[in-house]
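One structure is given below, represented as structure tokens, and several questions about it will come after.
Letters A, B, C and D mark the chains in the order given here, with residues in each chain numbered from 1 onward.
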Amino acid sequence: MSLKERVQRCLGDDVIAITEYRGDLGIEVPKGNIVSVLTRLKEDETLGFDFLTDLFGVDNLDYYAKKKKKPKKKAAGEEELVEEEEDKGPPPPRFEVVYLLQALKTNERLQVKIRVPEDDMEVDTITTIWKAADWPEREAFDMFGFKFRGHHNLRRLLMWDEFEDHPLRKDYPLEGKGEERHLSYD
Amino acid sequence: MGFQAYQGEGWLLTKAEQLINWGRSRSPWPFPYGTACCGIELMAALASSYDMARFGAERVGFSPRQCDVLIEAGTITKKMVPVLKTIYAQMAEPKWVIAVGACACTGGVFRTYSTQQGIGSIIPVDVFVPGCPPRPEGILYALLKLLDKIQEDHPLYKKRQEVAEALEAGK
Amino acid sequence: MDYDPVCQIDRDPDDLVTINIGPTHPAMHGTLRVIAKTDGETIVSAEPEIGYLHRGVEKLGENFTYHQFIPLTDRMNYCSAIASNVAYEMAVEKLMGIKVPPKAQLVRTIMMELARIADHQVLVGILGVDLGALTPFFYLIIQREEIYDIFEWYNGARLTNTFGRIGGVNADLPDKFHEKWPTLRDTIRKANEETDALLTKNRIWLDRSVGVNAFSAEDALNWGFTGPCLRACGVKRDLRRDEPYMFYDQFDFKIPVGKHGDVFDRYMIRMEEMEESVKIIDQAYAMYQEMPEDAPLMAKVPKIIKPPEGECYHAIETPNGELGFWIRSDGSDKPYRIKIRPPCYMVYQAFGELVKGDMISDTIACLSSLNIIAGELDR
Amino acid sequence: MEDWIIDLIKVVFIWVWCLLIAVVMTWVERRASAMMQDRLGPNRAGPFGLLQPLADGIKLFTKEEIIPEKAKSILYVLGPALFALPAFSAYAVVPFGDKIVLGGKEIILQVADVNIGFLYVLAIGSMGVYGMVVGGWASNNKYSILGGLRATAQLISYEVPLGLALLAVVLLYGTFSLREMVFQQSGTFLGFLPNWGFFKQPLGFILFLVAAYAEASRVPFDLPEAESELVNGYHTEYGGMKLGLYLFGEYVNLGTLSAIIVTIYFGGWQLPYVDMSAFLGPVAYGIASFLVFFLKQAFFLFLFVWVRWTVPRFRYDQLMGLGWKSLIPLCLVNFFITALLVQLTV
């Protein structure tokens, strides 16, 4: 059975969309179910995605803006669900969180995505499943502003604590807004 | 007679200055502030093939109180700026700074929100070494340039001059 | 009074001393910082703080074209820049669906394995320095200069090589390489033997490294370890074997695996991997010599790289472990989002866990043996 | 000549000589380490970089004197002095040569031949730790305090094996006077070996050597300053000539320890199998004995450097374990065996 079928069988209705590009399988799941989905993926015998490779955020602000302009220039085999949403309903959620999983036994990889709207940045933490998610979640908070519910130490990781913005968002300028760090020693 | 010293450099003063400069220029103990790629080249410059120790730049110390030349090799991010300032302030006079690499000179390719665009705007720099990263020879050349600069310094006379100027101003 | 499970005593939390190690501490490699709470010499808790070398590489990547990004990958893991270059190039090639000609792959293999040796040599040298043995560092550096000579002949740079292009490599192996390699192989082995004699057979060295910071395989996988640090814990996992790329499935090489995941295992795995890398280069070079002189070095690649929309992840085994690039393309000439998965990022976040209950000296040994490269860690 | 003038000359001579050894040692350390590491080492100041220590000295003298704001200023200044002085003082009882006859007057090449010289050395030797502790504490820096604490524990722990190893020697020679000990080492032992303490006390010598390395806090026992761990340990906050005093004091310490090793275990100024006084004139003999002593001392000084650049550093608990669990029991064993043998032979 191919990986795609196995994942569909394991997750059932939780799979909102499936993409496949150059052999990389990606699934989109509802935001609220991420912990249960990852737990199932980890514990399912036919899948066994027991290794978290990485976790990060993506800001789709420019992506959607660009798509609206020229919707026809699209490669075949891309996410079709997204396109339909665009045409009809309200704009899709701005942010994405991507989880890269790996099955050590079968050497298979899987991308799991959730979409996070700008006005509700809370995501459940997965540090309960993998400790490896500790810093990646902090970095995602630092760079995009996701609030990981239940994370034990959600502080800025790369920027200093007093920094206010989220630099990897698309509306943040590359050269910054002139922030400077001042330390006072006592 | 006492006032004469203020007039210009006397023989004694010049000789003493020469001696001090001789000592200082042959014993520039480095503070290797290697933060990024240039730090590896700085390491190579300190190691056997290039051997910076030939010029007396030995006894690599990580205590700023004990070092003379701050060799800042690598990118300084905005998060690091206060640290660098503190380190520089902790060093004892006379102190010199060599900025190694494009990042330390101008920020280099990293023209971003988090990178300090050159350390020249934070602390006074004596020698800039371009390159990304510069070769160890470049670092050695910068050190030699710095030693030349030390040789031309006036450690005593300058102070006398300052005293004289302060006296003048006081009158 | 709280019961402290680490030291197994009751202790008033106010009695602890907070020590700030870094970022200019000699053992912190310039940009790392650890805030440690200690009871005497024993570490009760240690929290690493990073970001002192965060240069915004990922943000820059969104503003650079695909080719322009290659030099930035040099500056990530500057100890073995070539491995980072190839990792990125292979990710873009996967995104574009480009097949790289075999000769270019062999050139890449040879250069990458040389970079692996250079990286491990720096690590072993620095580990020695941090444990107080300075001389092996100098022996290894002298020898490493010869590897740098080869890099320099290839494209003029010693450290940040900007090796290869998307779709292949820009040049063949330098002519001098063919004369140099047989002698270089011997000097690498000689330097390793000298280091071995100075360190591995030294009782103090063994005392300082055996059993220090032992880490179980289960924990290591949970924390996302890859590369030598994971193999030291006893997990036989190497992307060169498990997800073979290039010609690694045709080469005959061993994957050294440790048992306890302590400092000594990490050190020994590096020492043995150098030997295996020499073997791989020998085999790759033999295959390379069978190739015709005028075999192509570049695949057909458009002048301006505009991958079709989509996203993919590709990882290879760099000296530190799995270095992966996740790239999303929106069809333009610049990547929409690049996410780098640096190996030591995952390793370093477990640092607090690793050193808990050890002594201050062990912290230093542990940090060196993990081979944390700040450029890659903070990006 | 008045006696006190002679004494003064001897004191000044020994003081200058100590300084000279310390100065030359900084050069030797740098050049020898360079030699071991396939480098050249400092070679710009004077021929072969011989004037390098002078350049360092000038630089350190003309450096700005910083007393950190939060430091305890009196103790901060006192620290280096407390460290350097005992090192010099210990030299007072070391016989650095036999005797020299000048103008019919016999001059002993030793500042003071006290009959408890041995105890004096031990007492003064343990004073050095005050310099480290006071310096470390007064700096008001956590690394310095840790360095100072390590120094206290280490030096006090290793005083014990040092003293025990020496005690066996006292049993052997039956005297506390260092000069007397040297005289007892003339002649041969078992018919073919030089009658040196080393051959009578091989285990004692090794124990003493290890303890001496710890007392001098050199690699592998350089935990008080442990560069990669505690930045620079107890002298992290020191710069300028205060640092210079610490560095000088360390080398003077090495000189003293080497001198004691030579005196107690290697026959002092005596050559094996040869009696120099038989064929040398009184003045020449004095100078020759001094040179022989110096050569032996130089070997041990070089040994200190050699070990420094070869081995890694101990961890704190291993250091303590070595001291209390290995050295002290061995010292006791050595002590009892010696006592037994002395009892049997007498």
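FYI, contacts are C-beta pairs under 8 Å (C-beta built on N, C-alpha and C of every residue); 3 or more make two chains touch, one makes a residue touch a chain.
Just so you know, these numbers come straight off a predicted model, no measurement behind them.
Q: Shortest hop count from chain A to chain D along touching chains?
A: Step count on the best path from chain A to chain D: 2.
Q: With centres defined by CA atoms only, which chain is the most remote from chain D?
A: A
Q: Quick one: most central chain, C-alpha centroids?
A: C
Q: Go ahead and note the Å separation of the Cα centroids belonging to chain B and chain C.
A: Centre separation, chain B to chain C: 33 Å.
Q: Find the geometric centre of each of chain B and chain D from their Cα atoms only, then give the gap between the two centres in Å, rounded to an integer.
A: Roughly 36 Å, centre to centre.
Q: I'd like the Å distance between the centres of chain C and chain D, where a centre is the mean of that chain's Cα atoms.
A: Here chain C and chain D have centroids separated by 45 Å.
Q: When the C-alpha atoms of chain A and chain B are each averaged to a single point, how far apart are the two points in Å?
A: 47
Q: Which residues of chain A are in contact with two or more other chains?
A: Only 158-160, 167, 174 qualify.
Q: For chain D, write out the residues touching at least two other chains, lowest number first.
A: Residue numbers touching two or more other chains: 37-39, 227, 231.
Q: Multi-chain contacts only, two chains or more: what residues does chain C have there?
A: Those would be 25-26, 51, 54, 56, 59-60, 138, 142.
Q: Which of the chains touch, listed as pairs?
A: Touching chain pairs, listed by label, are A-B, A-C, B-C, B-D, C-D.
Q: Contact residues on chain A for chain B in the complex?
A: Touching chain B from chain A are residues 158-160, 167, 172-177, 179-183, 185.
Q: Going by the contact rule at the top, pick out the chain D residues touching chain B in the complex.
A: Interface residues on the chain D side: 30, 34, 37-45, 49, 51-52, 54-59, 62-66, 227, 231-232, 235-240, 243.
Q: Quick one: which bits of chain C touch chain B in the complex? Just the residue numbers, please.
A: It comes out as residues 23-26, 29-31, 51-57, 59-60, 71-72, 74-75, 78-79, 122, 137-138, 141-142, 145, 148, 158-160, 374-375.
Q: Inside the complex, what are the residues of chain C that reach chain D?
A: By the definition above, chain C touches chain D via 17, 19, 25-27, 41, 128-135, 138-139, 142, 198-199, 202, 204-205, 207-208, 359-362, 364.
Q: Where on chain B does chain D make contact in their complex?
A: 19-20, 22-24, 26-27, 47-48, 51, 53-56, 58, 61-63, 65-66, 68, 92-94, 155
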